[in-house]
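Each of the next two complexes has chain A plus one other chain: chain B in the first, chain C in the second.
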Partner chain A sequence: MADAHFLAGALTSAMLVLLSTTVVVNGLYEDQIKKFDWRSMHVGAAKHIHVDLNHFQPRLLLGTHEQVVASICPKTGEIGWRQVLEQKARGDIKLLQVSGFADDSSDTAAAPVGTHLGFDMLTVQGHAPALVRGWNTNTGTIEWEWSVMPLNTERAQDAHWFYSNSLLYHVVPTWRSHLEVTAYFGTSGHTTGSTSKIMAAWIKPESCLLSGTFFVCVDGKQLISLDLVAKSTQVIATTLDTEPTSKVQALAGLNGVLVVNRKLVSVNKAQTVCDTLQSSSYAVGTFNYRKIVAYGDLAEGVLKIKAAYLDNCAPVPELDQSLTFNADYGTPSLRSFDCKLKRNGDGKSCLFVFSTSAESIVAVQQNRVRWVREEALANVVDSQFIDLPLADSEGTLENEMKGKSVDATGFETDIASAFLRRITTQAIQIKSLFLHVIGLGPPPTDTQRAGLVRDSFGLHKMLVLLTRSGKIFGIDNIIGKHHWQLYLPNVVGFGNDENMRLIVQRTSKHFPLQPLCTIVAKDLSTGNGVLYRFNPITGRAAEGGLLQLDYQIKQLSLLPEAEPDFVKGILLLDATNKVHVHPKHATQLADGMYLYTADVKTSELAGYFVKYAGEKLSTTPIWTVHLCGHNNEQKIVAVAGKSSIEHVHSQGRVLGDRSVLYKYINPNLVAVITQAPDALHKSILNLYLIDVVSGSIVFTMTHRKVRPPVHIVHSENWLAYSYYNDKVRRTEITTIELYEGKTQANSSVWSSLKAPMMPLVERQSYIIPTVVEALRETITERGITNKHVLIGTANGAIIEMPWALLDPRRPIASTTQGREEGAIPYIPELPLPTENFINYNQTIARLRNIYTAPSGLESTCLVVATGLDLFVTRVAPSKTFDLLKEDFDYILISIVLVALTSGSLIVRHLASRKLLKQAWK
Partner chain B sequence: MFLKLLSFVTLIALSTCEVVIGQDEIDEVSGLYTIEGKVYPPEQLLGAAAPSGKWQVDVTLSINDGEIKGFLREDGNFVISGVPSGSYVLEVNHPDIFYEPVRVEINPKGKFRARKVNFVQPAQIIQVPYPLKMKPLMRLKYFQAREQWKITDFLFSPMVLMMVLPLLLMLVLPKMINDPETKKEIENMQFPKMTNDMPEISEMLTSFLSGKQPEKEKKPVMANKQTKKRSQQQQ
Partner chain C sequence: MSAKQNSRKSKWALDFNVSKNADIPSPAGYNPTALVNQTEIVRDQRLVIKKSWDLALGPLKQIPMNLFIMYMSGNSISIFPIMMVGMMLIRPIKAMFTTQVTSKMAEGAQGTGQRIVYILGNLANVGLALYKCHSMGLLPTHASDWLAFVEPQTRLEYYGGGISFI
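On to the complex of A and B.
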């Protein structure tokens, strides 16, 4: 008996060793680089653009709203180098000055690169402190850096910077009072001596801007301006024809020139402009050694570019261009252009660079679009993997199967017709195959021609990405090709820090019905809800496309599938707590639904019950929970529910003594984390697990001296969240598992209203030696495969962390029970082996979120990580157990097979000979 | 008044105008400091796989998940300016090379101290020199090694063993038995097996797959034959 026990112990410990090895070794092979994954790099919507084709290395220098500086190849649009600056206010690029492009062409361009005297490109970012950096534009390395900390940080927020005559000027306005102007030597940060204070009572926020060296304010029909570098501080007033209707913009490249009501206006006496031109966007440059102003306008889908010489306002016919402009790019505005310097250029070398309202960067040359960068992808807010449609032949087969399942009751009587149908479909298939072979078959559909046909393992999908600018992309998840794009102007995310949503209303499973996706957003001008329905495979509008709602959306939920069109209805809760359903015919299904809302501002959760009576829906508020604390300081920082498509395969966990601990699997459980400042502990974090149907608080926990960033992942019966521990200055992850106990209250249906008593809670904290930016669990078709947690870190890596390592039941003391359960002994610091980095050296700058989706294979989970870059891959948490290994030795098995058969034949021959010999004896 | 405003410049002492960037100039007004150091090139670690661009561009220094960042000069030196006093973990990020992070502590008086990062025991202090010297430690190993094809692996693979071991048993075992009686016995046992003509491979397979029923049927026949043979021999 003791021996048997010992044996069992030895076996389990052997298993443990096996387990821990499988846990650790889960990496990629070197030959799998870029086989399942791809990355696209982005820079963000352009803020400053400089094209320079006459440099020995032609380049396009960018400063973006995403706080990135980059150099882009003007020929291809590819990134030469990129530097991702600080996030938040510290990285906000205020000024990007390229040497040789000063407004008055008198600067330090002659200074050699690599010394402290000159610079290639200078950026000013942030306001408190303001960082000034000089960049080497050929390599992307920094040359020098200095910083300024203003005394009054609030005032410095509105500060302007400009560069003139090797001096960098810092202009700090004190509204309705005065301007403080300090000049610095650009490269060193030394002041020139004094800060000048210019009295100007006419400056007001919202109406002032800087154009070159001129500080300009709009006052009714007047432009009041002041030259900040001039010896005399004389205020110049320029009268306009009409009051400006839109925001007045400065024209880069000309000192003191502004764009007012689509026209150019100069407040600088030394600078004349062509005031007859009318355009929405202008850019200044040189052509044939003469200064010109180019302007581009979009009219009825045609982009027209024109130019005029600045000195005599004569048009430049060589530069006239017109091209059809794809509406999906949004409204373009000309930001910069350059031409190769030649005596008598024909304008064919000129490259015009536009930025668009859909955050694209478009380069135009010789009447066509040379390249486009889709920078909207730097801000993905939602994503979905959509199954591709079936091939036509499979589709007919599917139809037949469906027909069979529908009249399954009359199956026996209908057996003859079913057989007939089978024969005819097969005949049709053979015919189509034959026609296809001889080249007479029907032309393949668009999607098929693009290779968008479902594969046998369901790994090939359409990745639909919704971006913050309202642009939607349909991307092939295998090769990364953009199949379609859509642009919805005038939509924004919701209040309460909620983004727009991308919802799958009908999947691809209902052939011949096409899949249907919906975008739920807020209208920019009215604040009301907007629905946009489209086919995610073709990217075309469906069911009427755009639908403007006449109410604001507060909460949304999906209903079950409705007959006959298999559409999942969307249940919307509006600001007045009324509910609406789209499409209308699914209204009945909303009966008995529960909804909850969480207000970030007031930290209040509320639950509603939806009733369908008399062909109308009504809501009843059933519970409210106030998490704001006794002095209203608690703020909700994270809310996490469970994935609606999740399957839990295993209902329990087998313990060391062979009994089962049942999981507490409550699909209505939502985790809410609130944070509050505290006098004693600096900052307090509270975790609440709330059943959002009944409103009961299942569990609460408090962390002291802990602060955000908080990231949370909630699945099955467990929860993991990361936070920063201020006391010991490190990031930690706390994991929680909930168990019902040794018995299960109701194994078939979960009811929150008849829920079991409080669950057993297991909890543990781990140190993670990195900064967590995103957490997500892997998800598979049936939930049989182990769940791993994908941890996105601040330096752009995604680490696949097995749950066995995060398990709160990891025993602290090495007990036999824990060992027999297969739990690894507790170690406070989580190991981060580099083999588990699923994106190896393809780091994702500013990683923001990770989305996962099941594939057709149980073992494999599809992953897309978004941030500034986009990374798509797949992971197999328990290895690809349902596929032959990639390095499966086909040669070995065929050799063995051949050897076995031939061996047996030879042996048979030998045996018969021996038999014969023996017989003769 | 104007002179007062001047003092907000971080790196510039008021009295002298000659200040080199990157020096530990402490400005008591702003309370911002400059961290400086040097990152050593990882070229020897990258080897032939070195990307075409400059390694300096691939390196970023970050504090508090990129709240404060630093960039490298071409010679590998860096300054991170505008840092308030506090304790920071300075990470050197390179996609392929591991540099050890360093905890930099700046006290409110502007004293710098750099030490090793120890998350598990934060009280333990191992100082490292300041200005920082960040040396590449190793190349990050992201990939598992594919198993190489080896003759031993081939020989010890279950399929080969399955084939070779029975063969050995068949050939070697009969020769190992010294006792002539048993030897004879075995020969007699094997002999009749060979007499009924070898079953077809397909037949063998079906019998193997569908359990051992056909064998059972044959056994009595074989036994009969054996007894016959034996009786013949005895005669």
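On to the complex of A and C.
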């Protein structure tokens, strides 16, 4: 018995060794670093900006909506340092206070360097607990930290913080009742005394804000304010000329000054303002040792910056700037500026920093844009890889081929003309080559000049990225250059946290027709659907560009290619379950389509059938599935279908006895996961595999004591999803494979309506010793290459996991059958070797999603990972079997070839001579 | 010497004294061994038949040896078993094509029978080699061997949709 155990152990260890050697290892060599990949780092849309050019090290300090604190070089716009802070409410930056800030109301807390008394920069984050941190802005390190845990966490959500005279004030409003103000010593966190309670029944959540030390509420035409640090809590009422039409904003840098209806209003008697100025954005700073207020406005594509002295409201002519401002930057608002401290400065050193509605950060100096940071890229919501256009010569060849295929019927009669055409195209090619050589050729097109020509392996593509703010980027996937950018103002993502969609309506394959992409979004003001059509290579609007629809979009689908322009139509389902097709001429193709919607609020799935009759489309509801459970507690947390461009090459799996287990490849299968609280098991997760054409439930499974976050990847005949196991407190991945059995019910045609028998289900769970943030399968042109699962982790790594390791058929007992099948014995923990981290040390902060696309090479799959950072690379799951190795020795091979050929020739000659001599003897 | 001369003399001398009953010497140029030769030829022919039966039965006799080699070489796919199987397969086929030559001398009453036996023996060897190939898994006899040629199913229905946007 012991011997048997020993034998089993030895076998397992042998298999482990085998595993470590046979599983494809995808580590890079050192000299391949950054050869196939690039990363761009972002900080997110700016929330707090502070420029300081007079520091011994000029700096631009940022606190962002992505909860990042960063220092940016004011000259180049590059990141000096960046600290990615806590996510969600805990990391929300409420206050960013820089010492030495030229604000009269607060003295500087700058203490001698090296002491614990002062701070360089102070941030307050979150509400329960509120974290107060002191930063060293030169190195980006936290010097000290203290926290406050409020008694009432719900009320603390609306809390404000301000800094004044070395004291940090925490203001907790209890709406329509009172304010609780607590003062802390900024650096130590000790309270100065008890919390003061200020009665104020006039405070309302939507109309109040803090300006310096003043708590201000808007009440009709009045501003009611309160100085929170004053000895006597006296309510001041300021009457406005007109009622505020937009949101009232506080002006940073001036105590008690607000921007109301594009004008400055002071509620602080000690602070006078220039009330004649009119602008959408103001910033306060110093110029020539005098306090000034600068303001910038965009009018007809020209950004004008002006400034006025605060003491006498006289304009500052040195600072007047005017420059053309690209429309794709969005609407700018001046956030901060600074000038080098000089007597009688000419204003040329002044740097104005704007944040824009397209989430860019723009720095302006001397009438031009000095640098731009595209922070919209920190929130990518969709991505597509687009093939680049053909070079001219190849284009004409393509045309010829196309002509041939069209004339295929009259082949014999057309041989002469085809031959003639061939000769002429080749003559043209030679002519253009000749002209090109002598420098008289036609000027290359824009895209050719930019190097945007298809390469022979299809690895060079245009990466189109759609961001949450409505800005679209066209990026070179090899070098990371931004070729074009577009900005769609007034669009937002859909309800239920569904993002905008980027759809390829026509690929680059139909030369000379240009590729066509469409963005499907929701209008910000009306809530109706919006379509924006554009050419993804040039970034210019196409087919009329923006199209405002007069209905709300409920769901959408892509139709097959329509003649004659090869555009794939978009089928839109509106709120009243009517369907519409864009473009109109593709309407007929929608006949016989199936649509389904999953309502996350009611946990109900509904299927529709689209019919084309009498020139009109109509929908018929054909099925509904209620997944809400008996007490309506089940909530849909994830829905995953298969990729529409996927090809499955292998139809089955070879077993140990060399028979075939046929895969159950149902293209209409969708995985739905619901979650519900449970009295006994805390939380229950249900998995349903639903055929969305027939509405039949193919398979269900329940996990107990398990909760989201859930990530799914669904492909071919398998499914993998990750979840958090509450019982053992770890992340697990469950994999499912579906098989039809040893015979195929119908080997030629798949119809969900003639449903084949229920599939065989293989399932297995694995422990993954990390937190999963994203899952995605690799995809290749023909599906011959193995599929790997890319696992994005919370610490910013992407792990390439071979399916062999996630395989649910991994045998638990080491059997010969399993071994012959090539399955590795089951080990619950998934190994995470560092060679399989495809982004090696290039951490992707806040990794959110991974997108994959096939390249022209069967072996290679293009990958883009998005999050706060952007990482683009390519992976070859079965290694680059269709490509010579990079270090392939061409010289040696050619030398050997030449030597062998010449050697054999010489030897032949010698042999014939010898024969001749022998014959004479 | 004298005896030799005697015999030489007697070769050409006619002795009429010899009685008529005595054996008459053979005529000149008559070789009495010719008769003996004829019986030997008959014996040789039998031998040849035997020999060609040996040849015809040769492939059949190889079978036990081949079986032994097959058993010894095992079912693993490596260079030596592959070479052996290759030889086992090619040799009988080659031999079959040279049947005409080998059985030319066995033309006669039993020629066809021998030929049939010879071909059958070779076929048995080919069969053995094929069986070996089969047991080594070199023959595409399983469904899995044709898996790469299975076309994907054409789908009849297409769907679209997902989580409702409203």
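Assume the second predicted complex is superposed on the first by the 861 of 921 C-alpha atoms of A that agree within 3 Å, B and C clash if a C-alpha of one lies under 4 Å from a C-alpha of the other, contacts with A are read in each partner's own complex, and residues count from 1 in each chain.
Basically, a residue touches a chain if its C-beta (ideal position, glycine included) is under 8 Å from a C-beta of that chain, and two chains touch if they have at least 3 such contacts.
If you're wondering where the values come from, they're calculated on a predicted model, not measured in any experiment.
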Query raised in the report: A:Ala794 contacts which: chain B (first), chain C (second), both, neither?
Result: first
Requested in this report: Go through the superposed model and pick first if A:Pro756 touches only chain B, second if only chain C, both, or neither.
Outcome: neither
**Report entry** Of chain B and chain C, the chain that contacts the larger number of chain A residues
**Finding:** B
Query raised in the report: Does chain B (first) or chain C (second) touch A:Ile636, or do both, or does neither?
Result: second
Report task. Applying the touch criterion given at the start, work out whether A:Arg730 contacts chain B, chain C, both or neither, answering first, second, both or neither. Result -> first
Query - Contacts on chain A seen with chain B and repeated with chain C across the two complexes - result: none
**Report entry** Touching residues on chain C, where the partner in the complex is chain A
**Finding:** 137, 142-145, 147-148, 150-166
Requested in this report: Could you pull out which chain A residues touch chain B in their complex?
Outcome: 25, 27-32, 81, 83-88, 90-91, 114, 116, 126, 129, 131, 133, 136, 139-151, 180, 182, 184, 188-191, 194-197, 709, 728-730, 767, 769, 771, 773, 794-796, 828-829, 834-835, 837, 840-843, 846, 887, 892-893, 896, 899-901, 903-904, 908, 911-912, 914-915, 918
Report task. Over in the complex, which chain A residues touch chain C? Could you list them? Result -> 494-496, 498, 522, 552-558, 560, 571, 573, 575, 592-600, 636, 639, 641, 647-652, 654-655, 658-660, 665, 667-668, 692-693, 742, 746-753
Report summary line: Within their complex, chain B touches chain A through residues 1-3, 5-12, 17, 19, 21, 27, 29-32, 34, 53-54, 56-57, 60, 62, 64-69, 71-74, 78-79, 81-82, 87, 89, 91, 93, 95-96, 117, 119-120, 122, 140-147, 154, 157, 159-160, 163, 191, 194-195, 197-198, 201
